[in-house]
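What follows is a short report on a single structure.
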């Protein structure tokens, strides 16, 4: 039995009387409304990766590397899609039998026998469920591009993503959402705070450390080459995130409505807080600042989006902006690692804030949907800490091993000449602009 | 003949061009350049990292002139480009040995 | 009782037998199909503002101000989202009791008690209704950016938007849609001709007049710096507008279908008419012309989209294009105000054309859904004139007062040096491009 | 009786027990879930054309022609929308009575009497069906822009599109989808392999041949001027294609789910195959390569998307990438025609591969939904060949005649000076960039 | 040695470079500039506002030459860049005192 | 006075500017140019069509100098811009007759 879905269903039945009539209807049948929304949500999450994220990132690198980050996002999208069909989905969401706590099975590899309804009592075709989950599996490694931008070999990147998806993303997704031990233990993660953002953020930090700094960092100026692209990408991420968070309800119901509302609130507050802090700190608010704050808010509300209310959204958004602001502007320079586009500083830190704060704001008295029967708030927070800690340790370790393995064989980094020339021309024989 | 090179503030281009037209100059060539000098640049800030840009956007004007126009031209440019603030720019005068109009093959003064 | 919703429901029951079975189903329950569509529509309207509108506007300003207009759109999105949650929604759509004709109440401020179904008999969660209305409250002030672009202080802009939302948008939305007196009086506005476009357009005109011209306008050339951005933004606006207009049906039904069809027709005709008029007038058709025509058509069909048929769409689109073309190319230079990106010329004028023409083309013999029982066409047109006039006067007056208030305290305009340097570097310490 | 719809419904009833309960529900009534999805799908297909395709193409031309291709896409969108309302829809999907095999009728011209439910037993309003089909009629001629980019007169382009839509698109759409003879004969085309892609591709080839090469081609370098635009456009095409293919189910059900899943798989595989072949062939993989592969995969899976399974998707995607790669990099230079942005090389070739391969992979043993009762696989392939061949011959001939007619009257091509100056300034008095 | 500066129409760059190669010139430096002269620019129209661009895109070529190559170079450029229409551009010849190849420290003629 | 024009590899700009600052040069003007010379460009590939770019991105530095600084400046630029690979670029020295600081109207050495 799929624990994530079960839990969500349980919470729903407990806490949202409004949705009861919906949930009661026609179990085991596909519902066209839910399916319509999940098809849309899937398209929105794909919009987040390409073009959204690729544009967000492309604008922040130097013009000589703009295509390389977009190419990485495209290649990741393609590679992960195929691996997901071949074994990823089955290992993450298939029935693992005796080993269910640890991993799914290969019974649905190559998408055999997925013509029925989605598992877990949801009223959408399994094909749609697979696609929605695929879109998450795609964006998670794509986020890591922000950490290793401007210096990683393209071939090494492909190996890294393939291995990381298999050894890190698939098991963690299974543990939390696919019926594995973290979900069974009671860790809550509505739309991917730990599975997606902490996971990507920590992998990004490790990658940045193992790969080392870009040539000339931080002495040479490495300004974003096209901030308009970055802002447009941020806008697309925001819009697409509605699919990410409200789609995680796996239905077009009151939970989805709640998710979309708290997502908007948390994002807006986070953007404003970042803007204000920057204004106080530096004397002027910046466009990259407000966009960064928005992304930090989107990240932090993700694990909480179906569970908390307006108050939770405001606090989570605000504190995520503060935490990410200081991570990016103070901690990064202080420690001196080169997380080029702040994959860890925004996704890692924001994801941790959201995953933990959610344990508090899920309670009814703070506007949330309420905790499962009998779970005290402290205990839920402890579970959330557990979920985050496990992800950090497991992810950190395996990311490190994978990178070392690749480095020892084909090598991780481009040559100095290639880096100086820019990856676009050096690795892809193309240039972004011929004006 | 002389080859006059002037580096000015970008927003003064319009005024300088008008001033040169007024003294009868019929042609000039303009490029976008970056200047490094006494004027200090603006700081830019991206996610907490400050980049001080000491290369500032400037406009370079090149004009080939007959010798007896040089004084006038220097004065015209100097007045039109003047703000009194640091960074107003420079005028350089180089000797020019020959000049050809491609369309007509005219040379020398006739080609300016 | 929410008059707007009621009215729409009434019209529906009267005029669209097709939809009757749908409307009959399960009153008081959330319908997954309607909810799916409204979640999508909300995402589409957000797409209109960021990235759509911000890109449309950014492309039209000079490169030194590209980020500033995008930043304004982002900041407006965030600020309005928070204010909407705190009191905006409640004042616009809450039950005003005795004062219902004038304003709602604060009962739902901080979104307390919004876990149920939407008001007015619609079959979507109230959270989704709030979000959809929020997306309208966001885009309306964002449209005004087009009028004050390239010269307004960022801090003044924030104050202006906060006050304008509170003192102008919220009451006008209440009057027309939230159960207030204009709606009760019979003014029809399907998706925001008066509430959104006339409102934004008039505010834009007043802002342009109070702020004054940009330095050097009109002598210095102020060409769009990136027309590709503008066209992409126009495309996004068009796509997003399907959510705007068809979403205003608040259901996935025949009214939504009609809305999307007439929206497409009116837009296409308007774009072609602008193209042809420009071709005749100037000798060549331009890309900015066809895009401007499309936006004019989208604006004008907005108030009429659920009410008129194909014929109405063609006439409204065509006449809006003509009116806006002459407003922008003749009236603006003649009067000499600097409505930088034609907020008034397109949204104000187009909105007026649509709001009035709708009163005619709503009748059945012209392909519309028909007027409420017993209302003669002349009377409906008079009501529409009333709605537009009230909006113009009230909006114009309060916009003026707000601006004067800000000007007298913190000041509205940047310094000459800042304007010359460009707002990107002067106000935000950033530049759009580092190529 | 609408054969396409009938067929799809038949296939569905035969092959997808899962969907039976859905199909059984409430015939003759609008379903809000299906309607929600089709409204969304329509918006997604519009997103493909503007901004998607226009950006994809604009990035690939030289900067002096960037606006001209975008303007062409916009103008086509507008022109086709109007013609579709006036007679296109009615001729393609109206009841042709005795001539039904050949053409529809004018009974629904000017969209008279379309307030009911969609034809063919689908549970969406006819207005939504019209809009969805309109979005297909818009994108098909817009694809041809890729063939004649950078050298066609704008006025000639308008005439060409108007005539081509009327004389080619409308009849072919009727034959395959509207109840005409090809559909009746058993040609299967789920989402437009022949009607859209082969049709556009062949028209593109003929246009490229009749118009002749661009001045200086192939000696002068004609590099894409902004690859970031092209990649963003490709991303939008991909996202929008979910609406294109899964929308062709005309319902939010298991067929739509299958369509979206195989679309993703085929696209991912095609992109990877193109990337690998280019890597082997040239030594480096390129961003334009991976994007081209993705588009080739999207094109090829289109006719097959509701019919085949994962295996079919992998094979169709892979072989389309190979075929298109060699068409574009070998055949085009060998034959020397100037299909500027590879309309034929990608859409024509990819469409043919998909239309034919679908005849094989539709069978159940290969994971497809199965052939209609009693049709042997060889016979279905023969029907598919027939469908493709008829399209190629009819389309090729009429495209040629239309072009010759225009050339003999107003002329097809811009002058040499105009071509050298660039169409943006020469035809539209605008430039893309004023930086 | 001389320093030749030529301002030409952009689409003539290819021809001019080939012509200079043919006479044995091995190096040159190219910049995108805007020219103001007798040639009148194209009007652009944005929402009814006309902008007449009197600064037209041109290409500037700079080449350092040995004295005895100057005549040839002028002729080569003049022919290759010629269209006969107004705006074909100019060739300017300036004296050049020294020239250094950075890679090898060679100077004078050897460095060209 | 002399007018020194140096064409260098773009990524050497920072080093060259520092080297010139060290010898006391207070101003210079920088432009982005394309260079054609012995160094061969990178091939670009778009959908199977190869474009060989023989115009490579370079940076041009212009600095007006007092005569007695020229030797030093050449040496400073030469060292800072040197990689030893083909394409390192050139330094050209032109005579300069006059120089004016627009802000102050100073001329000659005082204006540099």
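Note that the chains are named A, B, C, D, E and F in the order they appear, and that numbering of residues resets to 1 at the start of each chain.
Definition applied: a contact is a pair of C-beta atoms (placed from the backbone, for glycine too) under 8 Å apart; a residue touches a chain by one contact, two chains touch by 3 or more.
Here the structure is a predicted model, which is why all the values come from computation and not from measurement.
Annotation of chain D and chain F: jointly contacted by A, E, touch as defined at the top. Counting every residue number used by either copy at the chain C-chain D contact, under half are found in both chains. Centroids of chain B and chain F (each the mean of its C-alpha atoms) stand 18 Å apart. With centres set at the average Cα position, the gap from chain B to chain D is 53 Å. With centres set at the average Cα position, the gap from chain A to chain F is 47 Å.
Looking at chain D, residues 31-34, 36-37, 40, 223-224, 226, 252, 282, 284, 286, 288, 429-431, 433 sit in touch with two or more other chains.
In chain E, 31, 44-46, 94-95 are the positions where the chain touches two or more neighbouring chains simultaneously.
Chains touching one another form the pairs A-B, A-C, A-D, A-F, B-C, B-E, B-F, C-D, C-E, D-E, D-F, E-F.
Chain contact summary for the complex, chain E toward chain B: residues 2, 5-8, 31-38, 55, 58, 60, 70, 74, 77-78, 81-95.
Within the complex formed with chain F, the residues of chain D that make contact are 218, 221, 223-224, 282, 284, 286, 288-289, 292, 325, 328-330, 332-333, 342. Those residues of chain E that touch chain D in the complex are listed here as 11, 14, 42-46. Partner chain F is touched in their complex by these residues of chain A: 220, 420-421, 425, 429-431. The part of chain B that touches chain E in the complex is made up of residues 3, 17, 26-31, 62, 64, 94-103, 105, 111.
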